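Heads up, the next two complexes both have subunit A, just with different partners, subunit B and then subunit C.
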Partner chain A sequence: MKIIGLIIVVVTGALLIYAAADFPAWSDPASPASTYLSPYFIEKTMEETSVPNIVTAVLADYRGFDTMFETTVIFSAGVVCFFLLRISRREEEEPETRYYRHVLTGVTIQLKEGYKIPPSADFERIDAVWTPPDLIIKTGCRILIPFIQLFALYVIAHGHHSPGGGFQGGVILGASVILFAISHDLRTAVRRMSEKLIGILCAVGVSIYAGTGALCLLLKQNFLDYSALAGVLHVDPITARSHGILMVEIGVGIAVLATMIWIYNNISSAGRYRQGL
Partner chain B sequence: MSEQYPALLVIVPLLSALVISVAGWVNKRLCFPIAVAALGVAAWSSVGLLFRVLDEGVIVYKLGGWSPPMGIAYYIDYLNGLVLPVVSIVALLNLISSKKIVEQQFPDKAGPFYTLYVLMVTGLLGIVVTGDAFNLYVLLEIASLTGYGLLAMGEERAPLATLNYLYMGTIGACFYLLGIGYLYIVTGSLNMVDIARLLPPLYQSKAVLAAFIICMVGVWLKMAFFPLHAWLPNAYTYANSASSGLIAPLMTKVMVYVMIRLILTVFTPKFVFNTLAVHDAVVWLAVIAIVMGAVLALKERNLKKMLTYIVVAEVGYMVGGAWLGNRAGLTGAVLHIVNDALMTLCVFLVVGNIVYKIKGYAFGDLKGLFAKMPFTMGAFVIGALSIIGVPPTCGFFSKWYLILGAIQAHQYGFMVALLFSSLINVVLFFRVFEIGFYEPFSDHEGHEHHPAVMAEAPLTMLVPLYVVAISLILVGLYTGDIVNHIVQFVIPKGFM
Partner chain C sequence: MTDLISTVVAKYNYWIYITLMMIGLYAMIAKNNLVKKIVGMNIFQTAIILFYVSIGVKKGATIPILEHGHGPDVHHVVHAVDYINPLPHVLMLTAIVVGVATLGVALALAIRIYNNYNTLEENEILTQVREK
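Right after this comes the complex of A and B.
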């Protein structure tokens, strides 16, 4: 079996190399990819969309429809993780024994058969096997996280002018929350951002993108034709395209942020939402 | 409004999936009605589109208002005009049937289930409607990803079987993307019509040849064409019946559509059948696919798995028909996309009903089933007759065209394979009928003979089943109209 696999890999590789012989030379300015559409984008992007970053304009406007579905791919990944991994309370085997820790004194209390202590600042719920979060790491991360988030917002907002945009900014934002969950524990993170909020944010993010497109449709233009927003935003159609791109970038950012956290929560706790990593 | 049908077709399910996802957190009971409404709108738009195509010819819809090749465009012609209603209606019927299954098996997860379900249909519709080769890949990603999620929810072995599918499916999708990348390097365009316009001077290029091979192998992986089929039977068998009822009829058929689209629109028949001239070899592969699918199905002692091998054999029918390279063969292949989607839906809905009531689908569980679930089994007989190819069910007519095409192309091997697989199907299904009809319903080695108590599936499962079963006969009776008004325009002029 291994030999068959090897043969297939070699044949596929050979085919790809064979095909590469007919490719245009590396970085050839006369290659079809550079001469066919690229000049149009380079010359017209600024005057048609007033976005200096051509990549952003192609991504979010000329081929904005693809990007909307890329965001949907991320959304579906989050939903799939939740659908397959999340263990609902009904499926849990027996009424569990709960452990609480008195934060100030470090005294641990064990409660059997589903008794619980109402949430308060004095007690925190912990797992049977509990590793105390390290104070230095906790404090270090608390200092770092606001700056990470600020940078993320910059990346989203500055996608028009520099590399960046919704996907990258959303990932950085999500990473900051995941860093919080790693440095503290999952329960604390989920208290700050509940499962329901994350699940809804995911859908809201994609809805901002698809909703912007649908709004154009309601304003008697084709789907995702941002120039239709000119009347609503009180600007000329070209600037409206630029603003439309910003709107969808924000949507992408929210969707990616929420999905990152959602996937992390479900995978790191195997769908049980306990202490996590 | 009707000029926005192409957008509505995809956007309404997409937005509804998002609403369902939120509704799953707020009130779970809202999820199902929203899903039905969404797919209802999609079905309405797709039928509306088909009639517009019949009136006006090809429809072009520019997304974002950018004209191709700068932006993305939807092209609706006779081919996808025919496939779109099939996809949306099959999905809608199975959705209605899935309500009870979801309530029985995972009531807590109704929200994410319907979200994924509607998203998957969005993906499938998007694949069929688009005229942009890269946009097709993005939608393919959505359809695959949600499909993996849906299939992994099921029996204990479902996640592992789906993981296997995920590996194979990802390789398939990557191959397709790589092929499109090659085409982009040599032409600079992603629009299908535009690529077809730029390709003729490059027909001798090795890069185009490689692009074609890679695309085809990728699509064959996704549709489970014979040597690449190994992932399909387990993944479809162990999944819950609500998911397998959506994916078994549609995923493979949509990929066959993609293959035909690539051959007809992107690479053009001139390149595929005249420049390359490998179609004889592919038809022989299809022959092996049909024979192996039939033989492997014969080996199974388990209804659902037997049906999955029939799906593998049916893929061979369609690939072989499309690669015969003549008018009759292609007509048969396109017609068989429609018919096979309906037939597969019919038998998988039957399995869904049986699993819902009996909790099993091994041959041993089927004893006395005609007495216990007479309506379900009645529909099963119609579905089975159609798969065998008995007139007036639709399965007969597409097989007729395929055999006609095989004779015209002098591919007698393909003709023999079709007849052979029909005979095997007779054996397969009459074996099931025999168990269901003659063997008394019994538990534990036949000690307890229950009187034949009727325990039929609920109406929400029977009504969709009968709609499909009757449509099998209606589509069969109106085959002539479908061919004369739609399918014959699919085939490009100058095709023999």
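Right after this comes the complex of A and C.
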């Protein structure tokens, strides 16, 4: 197998090197990729959408369909992780003995055969093997997380004027919640942001994107042609395109945020939603 | 000879991407462990991202965010040669996030396989499948 693999790799590599001889040199302004479509985007974006960040304008407006289905791909990836790991866990029996820890005193109690403690702030459920979260890490993350989230919101909201947008901001937001889950434990993170909420947010994000497109359709324009929103927002059609981009970026941000957390929760605990990493 | 060297130097981005891509491809074909295969897939993906982003570069151009974007006099004349190609950036921006999502799906599948066969080595899984 290794020999066959090596032969395939060498042959493919040789073919690619042979093909690279016909490619334009690095940083050539006259290369085919830079002369056909991109000059239009660079020169017309400002007049047509009033968004200085060309990448954002192309992503959410000119290539709106593509981005909508990329968001759907992310959504389906989150759902697939849920189906693969979580659904098949449902039939698995709960452990017979449950452990609870009294938060204030640190006393652990053990309950046998299906007895439960009603949910309260005094007791938290723990695993049979439980390591207390480190105080320095916990406190450090508690200070860091609000700033990370603020930065993420800035990245989403300022995607028109600086590098950023829904995908990047959504990932940063998701990372802040994942950091919380790592620094504390998964149970605490799921208590703060339940599985149901994550699933709903995931779908809401995609719906905001598709809904903005459908709204344009209802206002007698093409799907995802944001200039139709001019009448609703009371602005001129060009500014309406800029606002439409912001709306779909928010949808993308929510969908990406929820999917990142969903995938992390499912994979880190193999669908069991216990202590996690 | 100098001709050949200047060609090699002028296209160095392609050599890097080909090397990375072949490392990923080899890992996907030859490695026995499923997680190593997934890592190979990710290296492959990184190679493609590098390829696209390096195609967008123009000499002497800046990032594709228009200067003097806001303010009353927005109608500056914009020259396409001053800004790098935004299209590869758009494509790779979504590809990176989708790549993370697909990595999640791949790892979820690996976890399910491990639960079923108690191993991630491909040959051991195959013998177990044949025995059944």
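Please note the rule applied: the second predicted complex is superposed on the first by the 271 of 277 C-alpha atoms of A that agree within 3 Å, B and C clash if a C-alpha of one lies under 4 Å from a C-alpha of the other, contacts with A are read in each partner's own complex, and residues count from 1 in each chain.
Just so it is clear, a contact is a pair of C-beta atoms (placed from the backbone, for glycine too) under 8 Å apart; a residue touches a chain by one contact, two chains touch by 3 or more.
Keep in mind that this is a model prediction, so the values were computed, not measured.
When the two complexes are overlaid on subunit A, subunit B and subunit C sit side by side with no clash. Legend: residue contacts after superposition of the two complexes on their common chain; A:G199 is shown touching subunit B, with no touch to subunit C.
Once chain A of one complex is fitted onto chain A of the other, the partner contacts of A:L84 extend to both subunit B and subunit C.
Contacts of A:I137 after superposition on the shared chain: neither subunit B nor subunit C is touched. In the superposition on chain A, A:V55 makes contact with subunit C only, while subunit B stays out of contact range. In the superposed model, A:A33 makes contact with both subunit B and subunit C. Of the two partner chains placed around the shared chain by superposition, neither subunit B nor subunit C is touched by A:V232. Contacts of A:Y18 after superposition: subunit B is touched, whereas subunit C is not reached.
In the superposition on chain A, contact is made by A:A210 with subunit B only, not with subunit C. Within the superposed three-chain model, A:A270 lies in touch with subunit C and out of touch with subunit B [touch as defined at top]. Taking every C-alpha of subunit B against every C-alpha of subunit C after the fit on chain A, the minimum distance is 5 Å.
Looking at subunit A, you'll find residues 16, 20-21, 23, 31, 33-34, 37-38, 41, 63, 66, 70, 73, 77, 80, 84, 88 touch subunit B in one structure and subunit C in the other. Contact residues on subunit C toward subunit A in their complex (touch as defined above): 7, 10-15, 18, 21-22, 25-26, 29-30, 54-61, 63-67, 69-70, 74-76, 78-81, 83-90, 93-94, 96-98, 100-102, 104-105, 107-109, 111-112, 115. Considering their complex, residues 1-2, 4-6, 8-9, 12-13, 16-17, 20-21, 23, 25-29, 31, 33-34, 37-39, 41-43, 45-47, 50-55, 58-59, 63, 66-67, 70, 73-74, 77-78, 80-81, 84-85, 88, 161-163, 165, 167-168, 170-171, 256, 259-260, 263-264, 266-267, 270-271 of subunit A touch subunit C.
Contacts from subunit B toward subunit A in the complex involve residues 4, 7, 11, 14-15, 18-19, 21-22, 24-25, 61-66, 69-72, 108-109, 112-113, 115-116, 119, 122, 126, 132, 134-135, 138-139, 141-142, 145-146, 148-149, 152-153, 159, 178, 182, 184-189, 198, 205-211, 213-214.
Remark: subunit A residues 15-16, 18-24, 31-38, 40-41, 61-66, 69-70, 72-73, 75-77, 79-80, 82-84, 86, 88, 90-91, 196, 199-200, 202-204, 206-207, 210-211, 213-214, 217, 221-227 touch subunit B in the complex.
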